[in-house]
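Mind having a look at this structure? Questions to follow.
Chains: A, B, C and D, in written order; residue numbering restarts at 1 for each.
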Amino acid sequence: MTVQRTGATAEADLRRDYESLGERLARRGVEIDALKARAAAFGVAVPSWGVGTGGTRFARFPGPGEPRDVFDKLADCAEINRLTGATPTVSLHIPWDKADPAALRQTAAALGLGFDAINSNTFSDAPGQRHSYKFGSLSHTDAGVRAQAVEHNLECIAIGEAIGSKALTVWIGDGSNFPGQSHFTRSFERYLQSMQAVYVRLPGDWRLFSEHKMYEPAFYSTVVQDWGTNILIAQELGPQAFCLVDLGHHAPNANIEMIVARLIQFGKLGGFHFNDSKYGDDDLDAGSIDPYRLFLVFNELVDAEAWVEGFNPAHMIDQSHNVTDPIESLMTSAMEIERAYVQAALVDRPALEGYQDANDALMANQTLRAAFRTDVEPILAMARLEKGAAIDPVAAFRASGYRAKVAEERPAVAGGSSGIV
Amino acid sequence: MTVQRTGATAEADLRRDYESLGERLARRGVEIDALKARAAAFGVAVPSWGVGTGGTRFARFPGPGEPRDVFDKLADCAEINRLTGATPTVSLHIPWDKADPAALRQTAAALGLGFDAINSNTFSDAPGQRHSYKFGSLSHTDAGVRAQAVEHNLECIAIGEAIGSKALTVWIGDGSNFPGQSHFTRSFERYLQSMQAVYVRLPGDWRLFSEHKMYEPAFYSTVVQDWGTNILIAQELGPQAFCLVDLGHHAPNANIEMIVARLIQFGKLGGFHFNDSKYGDDDLDAGSIDPYRLFLVFNELVDAEAWVEGFNPAHMIDQSHNVTDPIESLMTSAMEIERAYVQAALVDRPALEGYQDANDALMANQTLRAAFRTDVEPILAMARLEKGAAIDPVAAFRASGYRAKVAEERPAVAGGSSGIV
Amino acid sequence: MTVQRTGATAEADLRRDYESLGERLARRGVEIDALKARAAAFGVAVPSWGVGTGGTRFARFPGPGEPRDVFDKLADCAEINRLTGATPTVSLHIPWDKADPAALRQTAAALGLGFDAINSNTFSDAPGQRHSYKFGSLSHTDAGVRAQAVEHNLECIAIGEAIGSKALTVWIGDGSNFPGQSHFTRSFERYLQSMQAVYVRLPGDWRLFSEHKMYEPAFYSTVVQDWGTNILIAQELGPQAFCLVDLGHHAPNANIEMIVARLIQFGKLGGFHFNDSKYGDDDLDAGSIDPYRLFLVFNELVDAEAWVEGFNPAHMIDQSHNVTDPIESLMTSAMEIERAYVQAALVDRPALEGYQDANDALMANQTLRAAFRTDVEPILAMARLEKGAAIDPVAAFRASGYRAKVAEERPAVAGGSSGIV
Amino acid sequence: MTVQRTGATAEADLRRDYESLGERLARRGVEIDALKARAAAFGVAVPSWGVGTGGTRFARFPGPGEPRDVFDKLADCAEINRLTGATPTVSLHIPWDKADPAALRQTAAALGLGFDAINSNTFSDAPGQRHSYKFGSLSHTDAGVRAQAVEHNLECIAIGEAIGSKALTVWIGDGSNFPGQSHFTRSFERYLQSMQAVYVRLPGDWRLFSEHKMYEPAFYSTVVQDWGTNILIAQELGPQAFCLVDLGHHAPNANIEMIVARLIQFGKLGGFHFNDSKYGDDDLDAGSIDPYRLFLVFNELVDAEAWVEGFNPAHMIDQSHNVTDPIESLMTSAMEIERAYVQAALVDRPALEGYQDANDALMANQTLRAAFRTDVEPILAMARLEKGAAIDPVAAFRASGYRAKVAEERPAVAGGSSGIV
């Protein structure tokens, strides 16, 4: 096994690698310090629910030091940001993260964190809830259930305002498991009506993100099943409504980067839930299955920066960490996302455009490949180093003893299954 | 093997079966003669290109009596309609079917046929064509190529007007085989511009159908890749623009009936290219792989009849008959499509709506299943009999000697492959 | 809404429909009473875990009267069998269903039930378990974990022997979520070794069923991922080892009936976990999504009856009932499975073989379609009636008050979610 | 656009980059010259059919200088090898490439080329062929057709022996387009019988490769549909029979690298048809869609080198170049394949094994990612330079004027379509 280089040696190696990469990039007409500045400015939000160990319907296997509440979650998020310097914000999920807003705000501020979009939850029943979401929420046939779901979203906005969020993300599980169970059109009309009731209460500087997903938890039809339905929602609601793209929510073989491009073109891209997937909504670590796809998504985003005024999609992670330490997975994922961004920033766009106009498919493709092939790790690491973050965050985290420390403070959680598969 | 019943016996059996079914339906509150009338009124267009044997990129294996030109194709289409009574119109493909419009009109009239939507072709190069469509047509980077493609579509409209069509179907193969080859947004903008140039020349009583397809012939990205892009096209172009749904053009696992419902809801369903598929755009015979899916599509159409004013989607077949006699496949397919329509008409809609409102998923589903389970063959056969068509069209066709007769008149065609897989 | 016919009227209608169908079948050379006898002899096992409301990783929404333990589950299973006459056996899952074997046996006998294959569970951790299955069970890198998993399977055999089971079903979740996490070959070698340790302890009249699944809970690779791996397992283990096919465990677009045929041909089809699916392992009600596919599977089974000596695949249901009353779903599913069997028994096999030999693809297909199109409900209902089961089991169940009664006895269960998506 | 560096500057840059990379690799304990030697020794066969422009069933758009015959194809292949130094062999397809074997051998030798596996073709009808393969070849219901197909394969072996091939690749299109059309088991039995007749005539130092494919040209079922069926074939035939893996021939979402691992474990991996795909058998350029997947496949191959005696899978390309210059695509693809091999050779295997044994999923994954992230282009380029090939083969090819020259010699080919979609 290779020797882990640390401390002064690691820094010296990094400086040498940065210099060498800088020289190679200069030959391609790229200024490495400018790229480093872009890397340093890049940020992605961590999901509060991501710092606990995830699971499947079959089982959940918790690890040591599972967060007990939103404050533990914020502490974990702070650790991620301390070591990567790339995750300045957290995305909360209500009611799981419900707490005194002032306390949330103060704690976050003390930890150097801010809040990104706030997430409502009408896909499960909270204890004591009046109506059940078993048969839907915003699209439910019963007006009382819909009103409750609308009310919950308004409460999320209120919490978000109190803590400084500027967006509400709405993902629902509404749909059906049987042909015939739901009337597609009436369900969608009810959904639009409910969302309109939320939309009109949105603060003027907020954005409303609706999120599409092909299936799960509904297994025959889902009300917001794809980007086609999603963009119709954003059109119907109005200028503050946008589409959120979760990379794992599409049909097999879908060209996701093209969907991203369409949403940009029609002014309706709101942002992302980053993760990776092989089969479905696997919620795997970003870039771990198909890193080139992640790069191609960022290729669209960097391209749009040049021609879309005020282009500012939300960057958020949404993953389930079932077999790794969630803090390590989130750090690694944030860096992979940043890597894809920097690689995309490396694309020689005038050359690309020239090849596209000339239908030189091979060289157009090679232009992308040349950027993707470049190992930009020295740029990312130097940006981290200069921010006071870690050259190698995972190694630093392991050396820090953080997990052992919180495992002492936080009681062990039993795993298990529901007895129902 | 069971004995084939014919003539008087077959008719007597049919009358008995019709009566018995009528009694069973009456118990469910359904009047069989009303259903028969709906069946009799139902029609689906036959594609001119479907009466020849199809093939794949690997090979084509022609059969006896391949049509030599559009007039042979019309003769074959007439045979299909003669025996099924369900295919009163033909859809032409230009330039393949180019001929003197007056001759086309007269021939069709003499055969008792009309013309449905006319199809343009900018996915292959015609002999003598000035510009190649190798790198696209309506979305090509070169304005000259786009102009040629627009011109071709205008010519199709002109031909269509001369023969009595009322719609133009535009399916293009434009897309890319490599990441980077095309700029998604600029390609789509060029497409929209070209289509606008066609749209403005559309006669006032015509509809323009754009057709989406996930992939093939382009294997990385396709300009009109899904219904999301397709509905944006129809919105951008205007009120005469509609989306055409080919059942085989979707991602694996897609819920097609839900896409149909969305297009209906937003007033943009133009019609169908019916066929069936297991893997991709397989162009298999309608209902041969998943007959319940075909039923679920018609369930949406029959539902819409009740609440969409002037609901009139185009019914067209688009199949490739590689291993069967094309006439037999088209007859069988037309009957399967009609069967799905009649089964959907059987759905007890007030009951269904009641179960949907009550979230009684099981009974809602059973309501659909009860309709699908009903063997409506006596209704279809009686409608044919009363029109003077065949009780059993395939048996009648085989007995007719038609294939042998045209095989004598039409020279044998050699199969083969391109030497390029 | 149509009037629900009951009692004497329903029976009179049924007798009339049975007679009428009998006449139509007689014309096709089929003797209806023989089919009824086959229907009456058909049985499928109910999964003990299926009588409780299922859920997803996002939430579970229990209904009234959830079973508290295995004895409640047996009572529910008995109700299913009482009304359908088609589910004489139950399949248990250990450790969920652990109880005194003698009590299990007596209770089942009193309820008129037997036991089918017993299922082990090494995909979740039971309370107090020594080693965790977080990183695998039978294929775990640690010999201690593997030994524990083997031991658990041996315990399942012991329980099964005590209650009269004759087969052990082994489904594991072992796999990986990241490229590199597991060494494919070493994992599979460890799995084979563990299974061999189970196999050698199998009673001489037992079968060992291994079950493949493409993904979930592991989202990058799964040790027993498809039928290819599964048949290698059965070959390696020996003559008592067979493959279990769960209809929802395959890749998108897979031709499942062909996989069934291959397993039959090589003597390794053990049986089924019936259900239906649109996207993945959706565990939807059998026949609710693609009834023709279910028919095509049974078409292979009925075909095999003619030429495979002692052909006796296990019929078991494996579903998750999230939005219906589990008893109603299981009754309906059992009837759909039986329906597919009877329809498959209707296929005119000499005719089919003739068409296959002549490459008459159209008529071969029509031969299957004619069988599938036949509404065999009168046969199923008459078989039920003659057994003393219900003509319409769902209506009878609703009329029976069973659910309300058990809801009084069994405490309400709260739904909810884990706070981790 | 960046300036293209050439000649002395390019070489100086390369030497500097090679040195710098060498230093970085040395820190990881890797000797760059050893890697370069492995790169230099790597070779992949070019398909003769790949040097012509490919197409789809919709159209084919030829480019300038299409090869007229096998000798033109060999000339093009030689150009590919001259510039990349990585494609020393050619794979022929019979009857397309039929020619005097002595002339083939001499021409190839003069061009510095050898011959890899020879491919038979029973998926299309050759002019003058006695029986048609419309309804199958090796599995056809008619013994005469099967005998003809066997005979053709024997002829391929004879040609292969004359030119120095050591393997026969058998890919057939046999299958069905309709449920019921074929009897799965009888078809497969006929296939096995036919293949046995070929196998027994295989020279003792030859290998027989059977190739699986999910679908196309058959669209309902395919006789050799997946690796499960394929390994059964290889087992049935005997020790000289192996499975060929075409990367584009699998179900959506399939884990191909795991299939490769299974075939290795059971001693039945024969080799590859390299390409890339997004939707189906797209035959896109290797590594152009999912380069990480290609790396993961090579990760299995490099891993196996360490523990499989005499491990020697055949490396062959199988692509369709529809929108690029085939020579450029083949050069680029060969380099991508070689790149994946060298990156896989970089994996720190002792570290990986340690992480796997410790279930450290994150670090195991990072170990693979570190290798994949490394830009090994200097190693590949240096290996080329030292062989006398080009630092930048595409640039060199464009500068060479080869395409213009052959376009003068070889008549232009018209594109077009069949008139049948």
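In the analysis below, a residue touches a chain if its C-beta (ideal position, glycine included) is under 8 Å from a C-beta of that chain, and two chains touch if they have at least 3 such contacts.
Here the structure is a predicted model, which means the values were calculated and not measured.
Across the assembly, the mean Cα position most removed from that of chain A is the one of B.
Between B-C and C-D, more contacting C-beta pairs join the chains of C-D. Of all residue numbers used at the contact between chain A and chain B, over half are used by both chains, marking a mostly same-residue interface. With centres set at the average Cα position, the gap from chain C to chain D is 42 Å.
Centres computed as Cα averages put chain B at a distance of 38 Å from chain C. Contact of a single residue of chain C with at least two other chains is seen at positions 134-135, 176-179, 181, 214-215, 220, 252-253, 255, 278-279, 285, 288-289, 292, 323-324, 359, 361-362, 365.
Listed in rising order, the residues of chain D touching chain A in the complex are 1-3, 5, 13, 17, 20, 24, 27-29, 252-253, 255, 278-279, 285, 288-293, 323-325, 328-329, 332, 348, 350-351, 354, 359, 361-363, 365-366, 369, 372-375, 377, 394.
Chain A contributes residues 49, 52-61, 93, 96, 121, 123-127, 132-135, 173, 176-179, 181, 214-217, 219-220, 252, 277-280, 282-285, 288-289, 318, 320, 322-324, 414-421 to its touches with chain C in the complex. Remark: chain B residues 134-135, 141, 176-186, 188-189, 214-215, 220-221, 225-229, 231-232, 250-255, 257-259, 261-262, 264-266, 292, 296, 299-300, 303, 352-353, 355-359, 361-362, 364-365, 367-368 touch chain A in the complex.
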